[in-house]
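Here come two complexes built around subunit A, the first alongside subunit B, the second alongside subunit C.
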Partner chain A sequence: MPYHEFECSQCIPERIKHAVDKTKNDLTEALPLGYLNTIPGTLSERGCAYCGAKHVIGTPMKDVIHLSHGPIGCTYDTWQTKRYISDNDNFQIKYTFASDMKEKNIVFGAEKVLKNNILEAFKAFPKIKRMTIYQTCASALIGDDIGAIANEIMEEMPDVDIFVCNSPGFAGPSQSGGHHKINLAWVNDKVGQVEPKITSDYVINYVGEYNIQGDQQVMQDYFKRMGIQILSTFTGNGSYDDLRAMHRAHLNVLECARSAEYICDELRKRYGIPRMDIDGFGFKPLSSSLRKIGLFFGIEDRANAIIEEETKRWKPELDWYAARLKGKKICLWPGGSKLWHWAHVIHEEMGLEVVSVYTKFGHQGDMEKGISRCEAGALAIDDPNELESLEAMYKLKPDLIVTGKRPGEVAKKIRVPYINAHAYHNGPYKGFEGWVRFARDIYNAVYSPIHKLSLVDISKDKIVTDKSFVTRQMLSDSQLDESILNSKELHEYTGEFDSLKRLRGRKYPQYPMKGKLAAI
Partner chain B sequence: MEMTIESGKDTLMSYIMKNCLWQFNSRGWDRQTQNENIIGKATQILCKETTVRKTLADRCYWAEAQQLVNDWECFPWLKKMNTSDIKTMMCKLKETLDYQLITNSLNEELKNPNY
Partner chain C sequence: MPCKLKEKERTGVINPIFTCQPAGAQYASIGIKDCIGIVHGGQGCVMFVRLWFSQHYKESFELASSSLHEDAAIFGGIHRVEEAVDVLLMRYPHVKVVPIITTCSTEVIGDDVDGVVNKLNEGLLKEKYAGREVHLIPIHTPSFKGSHVTGYDVGVEAIIKYFAQKNKPQKKLNLLTGWQNPGDVHTLKHLLSEMKVDANVIFDIEEFDAPLMPDGNHIAHGSTTVEDLENTGSAIGTIALNRYEVGKAASYLKEEFAIPTIIGPSPIGIRNTDTFLQNVKKLTGKAIPPSLVKERGIALDAITDVAHMFLADKRVAIYGNPDLVIGLAEFCLDLEMKPVLLLLGDDNTTYGNDPRIKALQENVDYDMEVVTNADLWTLGDRLQNQGLKLDLILGHSKGRFIAMDNKVPLVRVGFPVFDRAGYYRDPTVGYEGAMLLAEKMANVWFTDMEYTKNKEWLLNMW
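Right after this comes the complex of A and B.
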């Protein structure tokens, strides 16, 4: 497999080892470098280590005041721009807190300011008794002792608990450095402090899941139907005190290994809880994942019943979209883990051709997974700069890119449709129904008539006046086989706008406890 | 299609690399343990031998292995293979996994002593 040289990056020779053309299944020939400091001269689109700690992992915790100790600018991205919702009226995305450090605080210190901020925040929200505080570059550089202030407050207010995360922006090459720091800080400082009430023989922590548009709630529904107790979710829709009780689970079920494998590995080492990596996306990978969790606990029949019911309900809808998406080219350009969660199954179940995978902050391990899962011919890129992304899009001519909002806007400018891989368009995308919603969003993007219209250059192209407006389906169905067009079985998505509605207030089966893990 | 031990091993290797995640733990020693235990238990299941499931860790390896063997139902040639050939093939499969993902891997994080 050869390394790929971008023409635009010939002046940055270090970049050559960051991209590979996949020609065959051999990872020992070439593997993009990853998780390295950004090369001077290349304009990276990564986040900082504070962002990785707070905005990715800390803030999805739902019953907590999340406070940044630093200038207000660091906090900007928090306020309602993330979509990690929760079942407590979205407290964590409704309110955002910062100590608002100014120049004078840099000179004279900001510990007093911080203490006042903490007191003020608890006073403003008297029902919330938990807080996380995040160090930023400014507060780290002046050496404010956040831990000491937190301890002072906890002594003065015994009913509150505070977690301090020292992961300033410069503490790593990208947001990934922050994921690492907060994982270890949480397991060191908080795990083991609360003894949970065990209500099932089958107890898991659901780790590396951030409840983007309800993903966690979808998976929680399957686990509850299987009679599994979710002790904690790290961290989407997760509760602070539940996460202090992680040490009592039988199994850590891990979704995003990129951001949360560290805590699983530590819990395995310190408490003997095994780590099981799963895929929550796509019918086949999700089915295999539910089955192996079922096998672990000796309840695979319960997993099978769910898989059968959900597949019967949603597969015809997935296949309606798959028939229309077959052969469309896609660049899979998410941040870290979705490149490997999606690379194979988007091809197998939706018929899309993955022409490129990239990662912003992934490590080489993520590339190993992504390259193994995508088909030969794909271009794998680590942390591309904007010019490289443009060059790749011009060369590969994708019908769609799946990426974050910054590179997504760049794609739109050259008339390539994009789907938001981080916050989703109309998620949740996890679960059986979620996968159909993803297919629908892809279909809507690829066949949107706007892209035909926007490609017309009115200064030189001929404007067609004898044809009226076309719809998506006119575009997608023009080449389709009669048997698909007339199929009575296949049909478009019929779920509700809010797919979580039917999960709220759902009654779950009660399985009496036998007192121990049946199989051990 | 006639399956040899070598081509059977290649088919199973491709299946694992595309569909599984357990072989990609981030440290070399960890990958070694995963490969040894999961391939070891999958071999026992395929050869209808007893598998040990005393600890939570054993149980996790076994669940991964059992799921893998269940997924391999799609390979009818595997059912026809005798025990000795299965053992030889699975042994080669583990060697290939170790070679690709540990000993000859270009992943520079594998030797990091910390998680």
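Right after this comes the complex of A and C.
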């Protein structure tokens, strides 16, 4: 059997089926279990269903008061712990709201308190007329009817609209349970309420995209250059009312199929909108994604023009890094969809060897995609815990891991550099330029002179005393082929610290509408 | 009365200053050596608190969860504590201390954590772990009561109650520090060592600033041992620095073991450090050495350079843990500054009885507001809509946008500070802390002068 037995987990036999070593054989014999309840006391990295709903999907919506109904901690924790920016001065990052449930509310109910809260919040921010409310463990257990309160308010204040998401922390094995709940709640309660102005023959919803460090804004730039109208983004940099008009799109373009396939499938079922899975990471996947969308609308030429322009601009920079990263070993340890979005393309386009993949909250299907795309020999782990991660790193000796902030600190302590997979180091990582930024960050981590110093023991190792500095290139280029070293074409990243700057205020081509859809 | 104590008028919270009780108990838990706490609740109650510590320290700390799922919400989740304890002990053979920290969900469900600890002590620990030293400590921290401050207080109390013993041979001074940074603990230990005083430091978190070593895995953890904790019951005296964070444990030791006890002040600023050293002297009989007279002199010399020329009359708002906020306000007054707004983030009804707050009410000669149950919008609203004028804000990183959007420079102090590097290394206590704070405030003010062209030429000659 290809199951991988961790020494540290021999005492918990049920863990055996959660890790496999990928063989060259049929995948079906090698699929780890996934999305099962967490084993208590393991130091799993998982979050809860509340954060999956509120923090991952709800809060990236930019023009909304996000209020949690519960004690203060849930709100506090899901505030300033992510990098989902917006083009409206980051209201969703700056402000968070809590009903701050206290003991007396637990005993007597907190519906009145909640109502007060809602009124106070709208009063404090009179320009904002939209609100989302999230249930937490405490408000779920005492059985407050949040929906009823929201309806009361909407009757009293006709200019406001409130969305309620009942996804308490315990509602599922991981944050993934919350993704599911909020997807369904939104399509059930909000989609179909607003009729949008259609301005293009080609109208999409951009789904499962959370605008981490500006990913959405990068992709939006390509879509606009193709003359496509982005009706809504679910949910990064997305607008509440735009998302109520999702039913009018011609196509759902789905990025993170782990967290948002549910709403696409429902929109297909209820409104007949087709779902197209795309991938904004990596030159090849991104090019074929843009081409695929172009093909769907019959505007491949527009897609091709962008692909050609961007590839010409950025490929020499990507290749500069790829030449220097070839053969470096990487543990690809993100949350969900990046597992399969990145598994093959960091090998194909950056030359990295993926020695391990893991998912904190993915399902078996995510693992299937990830394992099918990475190299044979790679270790795949579902719901990893801290000891297993350490054991894997000691065994695999990766040059780099790509994971979350805190697990990154775990890796640092055993001298493995890390890049933040969730919030990114210096993103955005989507788009052609973004992919170069990712390669640049990986290169910087792998060839960090300081990292090399951390491997040396001054009490017993031979210390080089004739060098007072080392550059990254002194480390990366010593074994490099002459043809690469002397290449006039390849060069390092030349973009700016803030790569979104040049997108702001950009003028887009105006394509006159041909279809009848303008009449809708 | 120019200094008014009031409660925030709104019921809800917009941008919290404080988080909930279990987070505080978890901060106590990581201060103990060979200890991994189990939080009995949903995964998020641990994952995010670990992230919180990690944001502040750029380190990872070990904490486990009972990983409550839907079935537990309906049928009870106490069996998950049993499983968590077993799994944890099997896989972490060095672990001796396991605080079991409750949350809102498990308190509402009514899981009997004390009962299960008895059951485990009589069953699992005797049968499967016979001969192994294991301490299971229930800590009740429902999230709907108090805040992380009371959670820390309740946590330290439960831990001390569990361990403290009479008649231990070691006779030291108990130093209950309250919620501090490694830099603070370093400074406190230095002051005591100058006075040749041995102390049980609860908790010794100096090694939270953990190294990156050429081999091994030097994960950050506290260094307070079971023995240190046991010794607290036999100490010659107790000094509890932060009333709201370690007051309960100090009172317990006083009542149970008749240990002479002094609660407060937080040694923030020169004056409070003077008092702290006098208190140490009183309890130990040890003299204050010339080295500390000199150290104090260096701090005074440095502070004199910035106080009346730059800091005098600067209007500040301060938010964070209550003992920190009050200590900072007192120090600011000594620096000729004007703390005009103090924000305390929980609904503790005893703040009004605090002699330090009463002293402010009696002596402050300008308008000052002390707001309890406050949030950061209490500050933002005053700045944006009510014409509050400030020169500086003192507080943790969660207020960064309010400061930036209102163009008031923020001096990072407290917990968490995640948007500045290495601040956990800087003390806020002791003479060194006083000096660093005064200089930091001045330097932040200088930078602001330069970037807003506000008499930026002033520093052309200093």
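Brief remarks on what is shown
In this text, the second predicted complex is superposed on the first by the 502 of 520 C-alpha atoms of A that agree within 3 Å, B and C clash if a C-alpha of one lies under 4 Å from a C-alpha of the other, contacts with A are read in each partner's own complex, and residues count from 1 in each chain.
Note that in this section contacts are C-beta pairs under 8 Å (C-beta built on N, C-alpha and C of every residue); 3 or more make two chains touch, one makes a residue touch a chain.
A quick note: this is a predicted structure, and the numbers were derived from the prediction, not measured.
Look at A:3: by the touch rule set out above, it reaches neither subunit B nor subunit C. Of the two partner chains placed by superposition, A:511 touches none, neither subunit B nor subunit C. Of the two partner chains, subunit C is the only one touched by A:124; subunit B is not.
When the shared chain is aligned, subunit B comes close enough to touch A:372, but subunit C does not. Touch criterion met: A:409 reaches subunit C, while subunit B stays clear of it. By the touch criterion defined above, A:277 lies against subunit B but remains apart from subunit C after alignment on the C-alpha atoms of chain A. Using the contact criterion defined above for the overlaid structures, shared-chain residue A:344 touches subunit B, although it does not reach subunit C. Once the two complexes are laid over each other on the shared chain, residue contacts for A:250 go to subunit B alone; subunit C is not touched.
After overlaying the two complexes on the shared chain, residue contacts for A:27 are found with subunit B alone; subunit C is out of touch.
Considering their complex, residues 25-28, 30-31, 33, 35, 250-251, 257, 261-262, 265-266, 268-269, 272-279, 285, 288, 291-293, 295-296, 340, 344, 363-365, 368-369, 372-373, 517, 519-520 of subunit A touch subunit B. Residues of subunit C touching subunit A in their complex: 10-16, 18-23, 36, 38, 41-45, 47-52, 54-55, 58-60, 62-70, 72-73, 80-81, 83-88, 90-92, 103-105, 108-109, 142-145, 147, 210, 212, 214-215, 217-219, 347, 377, 381, 397-398, 401, 405, 418. Residues 8-9, 11-12, 37-51, 67, 70-81, 90, 93-103, 105-106, 113, 116-117, 120-121, 124, 136-138, 140-142, 168-174, 386-387, 390, 405-407, 409-410, 412-415, 454-457, 461 of subunit A touch subunit C in their complex.
Touching subunit A in their complex are the following residues of subunit B: 14, 17-19, 21-22, 24-26, 30, 53-57, 59-60, 62-64, 66-67, 70-71, 99-101, 104-109, 115.
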